[in-house]
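You will see subunit A twice below: alongside subunit B first, and alongside subunit C after that.
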Partner chain A sequence: MEVTPVGADKFAGTSIENCYQCGKCTAGCPLADQMDVTPNQLFRLVQLGEVEKAARCGAIWLCVSCFTCTGRCPQSVECVEIIDALREYAAEHDCAPPDLQRIILFQKAFLDNIRRNGRINELELIRDFKTKGFLQDLSLPLLMKDALLAPKLMQRGKFHLTSEKAKDRELVGRIFARCTGTHAEGATS
Partner chain B sequence: MSRFGYYPGCALHGSSNDFEASVRACMKTLEVELGELNDWICCGATAAHSINHTLSLALPGRNLGIAERDGFTDLLAPCPMCSMELIKTKNALTESAALRKEISDIVETPVTGATEVINLIQIFQRVGLDRIQAAVKKPLESISAACYYGCLLTRPPRTVAFDDPDQPRSMETVLAALGAKSVEWNYATECCGAGMTLSREETVLNLTNKIITNAKAHGANCLVVACPMCHVNLDMKQGAVEQAHGVKHDMPVYYLSDLVGLALGLSERELAVNRHFVRAGVHAAPKTVA
Partner chain C sequence: MARIGVFICWCGENIARTVDVKRATEEVEQIPGVRFAIDYKYMCSDPGQTMVRDKIIAERLQGLVIASCSPHMHMKTFRAAAKAAGLNPYLVEMANIREHCSWVHQNREEATAKAVELIRLAVGKVIQDKPLDAIKVPLTKRALVIGAGVAGIQASLDIAEAGHEVVLVEREPSIGGKMAGLSETFPTLDCSQCILTPRMVETGQHPNIKLYTWSEIESVDGSVGNFTVTIRKKARYIDMSKCTGCGECWNKCPMSKTLNDFDYGLSKRKAIYLAFPQAVPARPVIDKNACTKLKTGKCGICAKVCAAGAINYEDQDEIVTEQVGAIVVATGYKLYSIGQEQDNEKYTGYGEYGYGKYPDVIDALQFERLSSASGPTGGEIRRPSDGAVPKSVVFIACVGSRDPAKGVSYCSKICCMYTAKHTMLYKHKVHEGTAHVFYMDIRAGGKNYDEFVRRAIEKDGAKYYRGRVSKITEENGKLIVRAADTLAGVPVTIEADMVVLASAMLPSTGATELAQKLKVGYDEYGFLSESHPKLRPVETNSAGVFICGACHGPKDIPEAVAQASAAAGKVQVMFARNELTRDPEIAKINEQNCAACYACVRTCPYNAIEKAEIRDRQGNLVKMTARVNPGLCMGCGTCVAVCPSKSADIDGFSESQIYEMIKNL
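Here is the complex of A and B:
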């Protein structure tokens, strides 16, 4: 079957065309029981060119990238890379389901943290993520969760009010600018 | 004295600094010199590969470039997330001259992907299990461990090419050299939820509860891990797991380097075992009657 879905370039090298729906990916998936659409169904949607529909599924944000599917696929399909491509598409087109926006928010806060510091500053990451999460859905449990862990972490010397940063942070900024720039060019071509 | 490049990654310099203390103490005793990469940066982890593919190659690429520049042929990355991202990038660079050029330009350092990236288990294999066995001062006779590999030590198998992805044995082999027992169980390679700790905690609490429950049911008196995220979810979050599921686990979680160090005669304090959340003292208990 000839398949040329929207955004097909994102799936180059994933061997998506080789999926024959055996379902091993779904059988081994630790989150499949909580997904709106199972991994094998996601891959079928992509094969049929329904990229937008697949990118709107909550399943792609529940995937923890454990690579069990990739490891067990008898057709050597790069399952997680397909899900990565769908997440990338969903983040670019802002089409993740509202109840799972928080996971994208976390990943964006994570990358933003690296861009600024070169390394992850855990306290700053948690603060940014929780503040933005609270502003988004006014969830008090999210804001307060883990607060009780702070003294226990401090007691164990695992909590750093000031975290180390990479020295050449300007270089890190340039790397990010080039990657996001490269990326935008790729997407518009 | 052998010398390896060392990429700690953010976790080992953050809240998993007990892991770094353990790795460093162990390596010192085994006369392995670790050269920390000068001005290393974060590997990007799941966030980069979920949101920007180029970035997920550039961030590890920068670190591989530093290793090459500073003449390290072998690079220890004890965090399996970091090592998997580094290996994935190394493989991609090795396969494509165009990508080598693109990434070298982006990261402002020539990078070819020549560096060998190794995980924590592999460094013990490099040192030599017979050598470690000969150096054991306190055999760990009271330990019956469930060796927990999680995801990224053995997966994706085509990328990391380490051990058997479904029936790994490498940690059990290290434990045998220390005089410790390992149990057969079902959750050795099931995922703990890793990076979902902050954004979707209930997922992590469900997965970790299954892991700890299964280890216990198969007679384990502790879990052994080689991953900082597994340790956070199984040790730091164990209280939350117990609360959410109305159970009492009280299951100690050791890093593999903790057990190697303890067997070599290092103290709990030197290995930072005393800084875990669940008291990890089974190594010092009297030998259990099998």
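Here is the complex of A and C:
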């Protein structure tokens, strides 16, 4: 997938400059105690221009975009948007920590799936993700993990063997074009 | 031909950097009527002024133009110099080539041309100037002080001690303000009431102080030296002259459901009540919203038990007027309301802190009452919900302060200090308890202030965490405080028995409405504006109106008291003279021409123009005319603009002068 190039200058002039390190983002974050660096430290790194260092942190992949930090920030820093931008940077520059590469693989598979079908097809998603994951590090456990869930999901009608597709997939294509860098086209259309 | 001297100032580099002063001087010398032009590095300095004086005498000048900074800055300086050299001070004009030219332009060529034009205008005006005499205005040597907190009390006592009468107006039933409710004060931990109540008593008994409690300012008319103030004395339902303050009435009153505002809702009071035991005047007031007699006509117990017969259920608001020469505003502050109900749509409150939802989450002033010997718990630290002694208390600083998203962007200045004090008061009473403080920065600038905070941490064991609290929830009777220690980089969760929020300081309710009545400026938050932040800190842009205390901005007690004495000092400087002098640049009516249409009388914003009659020697009416009261006119020129017969004009700023300036362009 194509991503817009993100670098230190991308953050210049954004709300990141408002951050005065009060730590309220970390205080409210439901995952902060699982993170290698806390959200406020992440924002400090970005302020210092250490975007690459920030993008290498595992923390950005733990963020569930609950927006508690953004909602409570006294300085109106757009915390989640900044973490999103860091994830884009990490994906593009391939700098996520090795043990978290699979998260990127999953997200890419997820997006490819939507791009193709206009909606999610679970079976296709899992096939794509597991194949790519296996090819990456030849991990057998990955292939087999969650396999026992399949019958249950089938029982509940969560698996569709034939892939369902959205009607207007051209529209989906245009949304993707707009989000992945061909801004000029998107703006004029 | 006129003999005008032009003095062009470099203002160091301020003007000379952008304006070619030498060339401007040469060009200005060519203007008709200009005897000479001269430039100098600092015209306002002593050698500069000496040069101006010498030139006036040597060249027998008829007028002078100083091309320098704004007249707001140095008009007085150069008028004084002219006067010292024997020239009428109103024959001095200033061309502002700094604020209006060099500071706002970059192009040297164009800036120089503009400076020459500005000087040309001023020359045109000064040629038409006529000698004027300053206006003398009689002065009422009485002062009004609005608000009787510690600042208002200090200002009143200072002015009264200097021998002048003071009218002190307080809207609460007692004087004392916020300080009367505090426990102990930083950085010395002396008891607030012990130091304030003697001053309150002195204020109540001072022969020069006329006290109006339970009263508010209705309107203010007039101007510096002669204000007429209308005061509303709210119905107290007590005859103050008969009441002895014995206490029978409030002891017997059966209505005891009203929240006590002096304890910030932590206790209940009667419908007839004394604000607090040390109140001055020690007279009760009836709360008309709580009293059964006033609401339904039944009861009347207080009147029955009052031996002095001082209860008067028929009492009405009373309007009184007072004449004063100066006004000191000391209306103080209130706390930012932390709950979701806000009286200002700018603020959203902190739903996440559960203030108002959890009874044990309280604000700083409530904690002051909890730790005060005269408070609802008699000075024992007991939490509001069940009266238990809290073993773990969390103090949160910067609630509402430094928070542009939910509150105000400024620092409330005193919270760091009183939070440290709170931890000490708590630890001194609950030895086994733990005080946790969440702060963003510790701002403890002041004599012995930082030492005080260190003492709280080092000697009294307060645990300080650098980080803002995100949320407070309640689980099994404990308050769960979720925060982060940004220094350690870890989330922190504390189970607390009580939480104290150091809420931001806001100007007190009604401060902006009062400011409008007094024509005093205020900022976006409603704090009153001083005339100059450094050199005129207690004056306002409304002459004769002074400010002190927290109505001007967040402030601690020593600062408020110092400012109050400063304001009182300014009033005394004013009262040291027997009359005031004012610049004579005011409106004048050509009474022969005036058609007596009174358009000016109707439009004058200062009510300075009145209808007058012109009579001959026999007393026969010749004609009607409008006439300016020189004591009230502010020289705004509205009358000049509306007069259809061109009979109104401003001395020193006449229409002919303005035409001359335009012609000179």
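Everything below uses one rule, namely that the second predicted complex is superposed on the first by the 155 of 189 C-alpha atoms of A that agree within 3 Å, B and C clash if a C-alpha of one lies under 4 Å from a C-alpha of the other, contacts with A are read in each partner's own complex, and residues count from 1 in each chain.
The working rule: contacts are C-beta pairs under 8 Å (C-beta built on N, C-alpha and C of every residue); 3 or more make two chains touch, one makes a residue touch a chain.
Please read all numbers here as calculations on a predicted model, not as lab measurements.
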| item | value |
| --- | --- |
| Partners on subunit A (subunit B, subunit C) - clash or fit | fit |
| Inter-centroid angle subunit B-subunit A-subunit C after superposition on A [Cα, multiple of 10°] | 80 |
| More subunit A residues in contact [subunit B versus subunit C] | B |
| First, second, both or neither for A:149, with subunit B first and subunit C second | first |
| Partner chain(s) touched by A:65 [first = subunit B, second = subunit C, both, neither] | first |
| Touching partner for A:76 - first (subunit B), second (subunit C), both, neither | both |
| Subunit B versus subunit C - smallest C-alpha distance in the overlay, whole Å | 6 |
| Residues of subunit A at both interfaces, subunit B in one complex, subunit C in the other | 68, 76 |
| Subunit A residues within the subunit B interface of the complex | 30-31, 34, 62, 64-68, 70-71, 76, 78, 80, 84-85, 87-88, 91, 102-108, 110-111, 114, 118-122, 126, 129, 145-146, 149, 152-153, 156-160, 163-164, 166-168, 171-172, 174-176, 178-180, 182-183, 186 |
| Contact set on subunit B toward subunit A in their complex | 10-11, 13-18, 39-42, 44-55, 58-59, 62, 102, 105-108, 150-152, 154-158, 165-166, 189-191, 193-196, 198-201, 203, 207, 236, 275-277 |
| Touching residues (chain side subunit A, partner subunit C) in the complex | 20-29, 32-33, 37-38, 40-41, 68, 72-76 |
| Residues of subunit C touching subunit A in the complex | 352, 398, 402-407, 440, 466-471, 482-486, 489-492 |
